[in-house]
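Chain naming follows the written order as A, B, C and D, and within any one chain the residues start at number 1.
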């Protein structure tokens, strides 16, 4: 929900519980997986308690009809009964856990659909968008940051850094609105509402892909720019720090070409801290696009969560929590493992 | 037995004298130009209609269900008349009427205790199963079944004590009481028995099992359209059911696009992505004045039975608000002209009344509002709330209790904080401290249900029958309705109970007029403005009718819309003139 | 450019940084003959390392350099003006004609690349040869710097090496290009006593085997004594004494020279005393 | 002197943006930040609906001055507005004769005062024009600074406090405490922050306090992680052992020895956090969950302007520029702080 949701100004490495062990990757992996379990349980428990203690209820959450019925106390009680909200929280949690254990997340209060179905429909666009934006961001960030770092102090470097700080300071929804007005309306280059065209169902595979990309360009740009603006100075500074390392100077002294030093020694050492940051960025980007999804009428996860919260659609909220926790913890886990693979010091230290 | 149709006609004459005809004086919007083509009714000559056309509508959010028994939101209601046929419908004046495509005859007994409905023969569900009286009886049973969460459909239907199929074409209704509202009570939705009966054996709630969910999302309806696509969070596509036996609607396809944000929707409208949308007051007054909009469509304004009001917690712990004089003083300090001008761009009309003018025999000058700070100050002084010499706020009889209250607002509304800002400034001058609390919708409702508030700002849309207002004012509604403020007045209760039993429309109007006067005396609510329907239509849309609930929620609604076969050039006068008109 | 028989000739070299007020090198001049070994001694911060980096042209971008450094002819190529030549030529000089060993041996190895790969990389730099040949050459080099199990070490990660081991590896990498001149910047100061001696011994051996010239940068007269035949004493960013190593003990030397010599002597005494006390 | 430029060397040191004491950029940022803070502190002296000094019925009154200081705790108790001026019904503009002495603030309008016509263009009376409710945009901008600065600074102080306590406990005690705190941090990081925001807004109600709490309680994780890491590495250092050997108690060591070391990098993160908090407040306002309408905030102004972007796009400029400048300032100062604290002036150290 932050501008781009980056609460990770100065990332620190993940705990490395294996610092004093000798057993390598597998042991490390096992330990990491075991450690995510309490975190996972904590997230789910916290969400459950918070949503059930929060004021408001599904009975009062939906916008009513035309005043005939509205929200009345009698209706309210019937709804509470219907949604099984009469039982104490502990009992409800127990019931919920039992059902989830059988992979049944229940039915949405809002439209009666099974939660899993409702979520999956909305999750895949967000997931695909998020991960492609991250890949695109990296493709932009690494060369730009490398160029800036290698020409540190030069005019272009200053322009790049200035542009990054400037871009980061623009709230995404302002940027989004400008994009809609300029690129969407005035230039009419890209559609600015929805994810698919009306005739999407009649298209062939390739056309569908183009259609999806077309519809995701503007919202993607809005997610992309703060990410790039945040990552470029970060990678640039990391790279400068690596460039000052002894081994880089030593590599030059050994007569290696500039190209080889940069690609074989500087870049790999730059990417490791970047990897850690990526682990923090994924959850931020995943959950941080509510405003944009509303603005672009984009059927994503953020909007679903927002709507579910407003409607107090507890089963969907819980399902979303479980899913986002799984994604976030999974990404963190992958990042940690990749980190361990990339850095022998973590693995064997 | 007399003919119900005849009775309804006479009633109509009195109750809907004004109807949707509303002369808006001093609109501040400029000259009214004609956009009559929007209202051009569907021509008899079908060759003029483009029957293969697609209509694109805007949805603010997704519907909860397509099962009419379960439907309850205004969004759901947009689909009701398209997917389902009912024997009775609300016409463009929100008048009860018979759906001639379904009903052969409807007769009501003289004592108002019994009614008989004869269906047309040859009615079919969309899967070609015949629609019979058994379906109606089944639907009635389901609606009254405690396990079915029929939030809206149950309302009124409870008055039908018995519903039986005399033969496949004929249904008999027996009412609990002889009420003026009984005609509404038979207007309940009808679902296919052959689909839901097998489902209900395992899932009596109609929405728990996977099969029920499927049936609710891909319904077998009886109306002219069927659901062909539902892309979650994006769009719902309805296609014309060619087997429909009633009048064939003009559009082959209706695409409902989900666009939550108002600004985004207007941009989509101007880009040609949608053909209609409701406009916010600002959008109507400002954003749509340019050429960009004029090229795409027209905006129209019609009457709507929606009133903005502040509810004062009469029965609450705050002595300040339980005093009628104080509430009257607060009512006097509402600067309606300024609110109208600054918040609603002069588009709304000031309102003091609770019923649409058409319901009551009201004098024209009774509904004029008063803004009188001096008078308010005097009332407060009389009530013992005097300005303190120490800090300038009012206190009761020199005591500690400060004159003030918290006004609850719903988060996300663009207009209510603006109304509150104006009221706050005026109350400050009076020495009354008003603070606002913006609450998220669900919490707002919860506080209201629990009667835990000082005052709240909300809107109320009157139903087609004035008896609906009992929900706001009757003492029964304190626990079972929306009388959140705890207003208790035995005289009002008695009048409501009389009104619902009075079958003579003229006498009925008198009763509701009396109720209105009593309520204005007690001022448990202060009515602020009456909202109009503000709508934008693409140039190609024709056949729109405006009901007091907007163009979508009355019969025939979208069914009657059409578009000419050859796109007619828009004449220059229309282009250059302001593309805005009032309802004809 | 003057033709010279010297291996390298540094003349009037001054270095200062754009951001700094004071020069880090002032009018430094000296020259080395082929096969000669010179120790550059001085207190820390006197500009020894800057001199070494200038000779490799590895100074930061904002360094302002004045003077000349000329690398003598070899084979077909004429003398090279190190400060004036292009980057491509410098690449062929670094590692191949002048090699360098740094103070922090582990830090001068890339932490995320296996030791063996790093050696291979150096061997392959600038020339094309068969993978297997390169591999055996790498193992040979490791063996030459006294590593017992070269193939195992080649698979190791830098952080797994001990300081002495790592210094042997960097030495092997320095020797890979068969340079004429080895600049050793404090090669032993990060190591403990015992290992120091081994590395000094190793450098001696290498010199004997390949007739390599050595520019040894150190603050320790004892190390200089063991490895160099000539000593240049630096003080306050300039060379104050340039003399054969034996002459360093004479009394008419510059104050800085005397101080360094005394420090070395007292250290030797102290070590002897502790060893006596321990007995 | 023939200066040779090693421009083809890649070993350039990071002096690019020249953010040091002498650079105009740092100075500019410091001056702007000081400007923002003083505008925030003295907002009523710059824009208010009552005069700074005036003579009314023979005596001098200082209503705007009193308003400036009355919100400061302790001080507010004895600085009170003089009598007619503190009355809500008193309108200085009409009550004061034009020929009596009155020194009005440069912008003689309050932030919520709806006096002028709506959507007026910039003019002498309203330097940035008025918004759709007829409120002076500049007055709103000035008072919005007050809220935004408060939200930025207080929320980060709260985040810093929570982060230091949790991260410090984890780093100092280690073992089970560390395990629990680390899980807590992880839970907070994976928890949908937006959800928490909604819940807190619902519990506390809208208002500055709510927004500060929300931001403070969701943004502490990075600080906690940082403090934990600093504590762990500092704990290993000799001087802590030395202190322990003198018999220093645990809390003494934590506060006297470990905390100062962790405080410096925390400060850097907090400086950046202020920028994020300001942006976050703007985002909350967009969803209608920010500070209520009776207070002017940059985010709220932006939200109001968003509704009018087509007819009066100019309204967007002022809050945008204010947000932009404040975020820029925080970043430059944070960067400067980082460099002065870290001799190797590298981003990388705090990372790896």
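To be clear about the criterion, contacts are C-beta pairs under 8 Å (C-beta built on N, C-alpha and C of every residue); 3 or more make two chains touch, one makes a residue touch a chain.
Predicted, not measured: the structure shown is a model, and the values here were computed from it.
Q: Taking CA centroids for every chain, report which one is farthest away from subunit A.
A: Most distant chain from subunit A: C.
Q: Can you identify the chain nearest the overall CA centroid, using each chain's own CA centroid?
A: Looking at where each chain's C-alpha mean falls, the closest to the middle is A.
Q: Using CA atom averages as chain centres, what separation in Å is found between subunit B and subunit D?
A: 45
Q: Between subunit B and subunit C, what is the separation of their C-alpha centroids in Å?
A: That pair's centroid distance is 89 Å.
Q: From the mean C-alpha coordinate of subunit A to that of subunit C, what's the distance rounded to whole Å?
A: Their C-alpha centroids are separated by 50 Å.
Q: Taking the mean of the C-alpha atoms as each chain's centre, how many Å separate subunit A from subunit B?
A: Distance between chain centres: 40 Å.
Q: Spell out, as numbers or ranges, the residues of subunit C touching 2 or more other chains.
A: Touching at least two other chains: 58, 61-62, 87.
Q: Can you list every residue of subunit A that touches 2 or more other chains, as numbers and ranges?
A: Residues 55-56, 153, 177, 181, 249, 252, 258, 272.
Q: Which subunit B residues touch at least two other chains?
A: Residues 263, 440, 443 of subunit B touch two or more partner chains.
Q: Quick check on the complex: what are the subunit B residues that touch subunit D?
A: 263, 282, 286-287, 290, 342, 387, 391-393, 411-414, 417-418, 420-422, 424-425, 428-431, 433, 435-440, 443
Q: Can you tell me which positions in subunit D touch subunit B when the two form their complex?
A: Residues in contact with subunit B: 86-91, 112-114, 118, 132-134, 198, 201-202, 205-206, 287-289, 292-294, 306-311.
Q: List the residues on subunit C that touch subunit A in their complex, please.
A: Contact set of subunit C toward subunit A: 53, 56, 58, 61-62, 87, 91-96, 99-100, 102, 104, 107-113, 121-122, 125-126, 157, 159-160, 170, 173-174, 176-177.
Q: Quick one: which bits of subunit A touch subunit C in the complex? Just the residue numbers, please.
A: 153, 245-247, 249-258, 260, 264-265, 268-269, 272, 342-345, 348-349
Q: Provide the residue numbers of subunit D that touch subunit A in the complex, in ascending order.
A: It is residues 10-17, 182-184, 186-187, 189-199, 202-203, 218-219, 221-222, 225-226, 228-229, 265, 268-269, 272-273, 275-276, 279-280, 282-284, 286-287, 302, 306, 309-310, 316, 320, 323-324, 327-328, 331-332, 344, 346-352 of subunit D that touch subunit A.
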